[in-house]
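In the two complexes that follow, chain A is the common piece, with chain B as its partner first and chain C second.
Up next, the complex of A and B:
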């Protein structure tokens, strides 16, 4: 039976790593940099081309804030496993009655909290520096937040699968695999920029639908529910697949021994 | 198999199959780390689990903790198969001298998180944690960050963590390896007390044979993945009949060394004394021979074989 105590134990253990100043500096640093870069880029575009839509600034800044929701959620989930590996605590954790589903639930909670903290920071920055209010989109903001949160969870679980396969030495590879989706997620440009054959592939990426919906809502003021619903369905499907994949990888990793993951570097 | 047996291992095998990449690149071959071992840990027993490095002890312990899947065989705690009833780990705890604590937590938080993994409520843990810290004499470490502890302090916290959750079976992998003699004694006393008062069954590995002989009711010796001995420490030590005769000579030590060499005796010469290893039955003959050769000694001591002697003898022996 699923135990809330066990879920609470793992969540508590990882939330404690987030209370450090270095964690806030890390999330603050990259969020500030990206929001200023993309906000300024949007501003420069409108200054150089008077016919450009001023909403482009809000589109770029908002997408940057939402992108950090995905990124921070996935990285934080990956870090739950990495922290155990570097602390050599993985055996101590899994030599207890803890179940895989409880571990996944805790990681998802930790990733979600980290992602939402980063999102809140980005929202404040966007509002203060560029006067962009993300919440002006209302229900669309909420729906896309939910969809992109699931994207972050899915990417985080895939990251953990790679770590379970190769151990600590696969840290770089795990993050590289996650980042490989970024160009196709259409965070800062529309799907149409890709050649036709790539567009067919990109349409299977839920984040591409979510960011297209976000851009469309800001630029046209309409609610593109088709993209939002597609991104949600794709996300739920991929998340379920990622959960199963994680369970399979965990079982496979246990055949070779979890201790191997702590030691190989 | 009776359900009361805290731990029952039957026909446990672990084969490691290298990946295709490892086979091609590093020419790794499949190998059997644990080869069909069976044993029981009885209720209230302290079972020593010994073996030379690479014997398969750690592999076995990892399988007992369900962090490594066996190739074949079954592991049952209290009559329940660990692979079918994962919840049975609720009654099993583990501590090793080689593991670490989560670096971002204080000692109190480490214990709290660990207790919650065993379904203990916060209210219960708030009462139990000060008590267990007190029993190990580490109350002053409660609010210290785990990453700032010394190796010895970390081991004490790991042991406190293992016993916090009221286990019926505890697997201890070289728990005193990083401890000074005083703390090692404290830990041994605690283990013995828990074992006697609460009947906790303990599987204990250590390279300190004196400690094993002092603590363990029974000993299993593993070599090349196979159990080659299963008996009490006293019986195992007595099973080798070689004794060590230590002599401090009157006159030059060289005469005794020359005597030992001439008679093909196994010996080690120190600065002032010589240790001659002989079969227990030949001690009288040795002393008579020394007298006949007018080799006099001012002091003599005869040591009976210890568990360490037994361990060394089997470690040197080639597995047939």
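Up next, the complex of A and C:
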């Protein structure tokens, strides 16, 4: 039987580690940096080419904010496992009645909360620095937030699978895995930039559909529901696969001994 | 100050770079950045097309010249 009390306890334990000024500085630093870089890039483009659409600034800044929702969610999920490994606590928590499903649920909640905090910070920054209001897109913003949140959860679970295989040694991988899809997710450029063979591959990435939809909504003012629906379907499918993969990996890792994950460095 | 102690520490840390995983990580970020910046450059290169920029300048300059000639004639 799944216990909400246990899920709440594990969630609370991880939320407490986020209640530090250094955590807010860390997420704020990277978000500020990217928003300023890409907002300025958009501004430079409109200054260099008078015929360039000024909406490009809003498209770049909005996409950067949404990208941080995916990135922070996935990294935070991975860090729930890494925190247990560095605190030598993984064996201890599984000596309690905590079930694997409860643990995953709490990690997903923690990842979601961290992602939404980062998103809120990005929204404020975009509004203050470049005057871009993400919520001006209305329902599209909400739908894409939901879709990209699932993308973050999926990437986080895949990251956890890798960490369950390599243990503490995979700390560097936490960021590498999450960033690996940026070049192919159409965050800062359209799908047409890719060569044809790569476009076929990119169409299978749900984030590419979500960011294409976002860019299209800002630049043309239309609601590209076909891209949003495709991204949602792909996300749900991949999330289900990631859950199964995680269950299999955890079982295999448990057979080999969870203690090795805490000791090897 | 002993040079062999400095050398010893440098050697100790440089051995970390010789590690295969460390090399792979560096290579990974390099490839990732090259792909990302390559596509970004392609996009913004097209957006800030130099010939277009030049054309705009030329068009603007000719408009200003025509305007000046008309004003001169009016005097």
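The rule we apply is simple: the second predicted complex is superposed on the first by the 263 of 265 C-alpha atoms of A that agree within 3 Å, B and C clash if a C-alpha of one lies under 4 Å from a C-alpha of the other, contacts with A are read in each partner's own complex, and residues count from 1 in each chain.
Simple rule for what comes next: contacts are C-beta pairs under 8 Å (C-beta built on N, C-alpha and C of every residue); 3 or more make two chains touch, one makes a residue touch a chain.
None of the values given here were measured: they were computed from a predicted structure.
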item	value
Partner chain(s) touched by A:49 [first = chain B, second = chain C, both, neither]	second
First, second, both or neither for A:9, with chain B first and chain C second	first
Contacts of A:189 with chain B and chain C, given as first, second, both or neither	second
Contacts of A:87 with chain B and chain C, given as first, second, both or neither	first
Between chain B and chain C, more extensive residue contact with chain A	B
Touching partner for A:254 - first (chain B), second (chain C), both, neither	first
Which of chain B and chain C A:179 touches, first, second, both or neither	second
First (chain B), second (chain C), both or neither touched by A:20	first
Common interface positions of chain A, toward chain B and toward chain C	none
Chain C residues within the chain A interface of the complex	21, 25, 28-29, 32, 35-36, 39-40, 42-44, 47-49, 52-53, 56
Chain A residues touching chain C - in the complex, by the definition given at the top	41, 44-45, 48-52, 56, 169, 172, 176, 179-180, 182-183, 188-190, 193-194
Contacting residues of chain A [partner chain B, same complex]	1, 3, 5-6, 8-10, 12-13, 16-17, 20, 83-84, 87-99, 251, 254-259
Interfacial residue positions of chain B with respect to chain A in the complex	16, 58-59, 62, 65-69, 86-87, 89-90, 92, 94, 99-105, 109, 112-121, 161
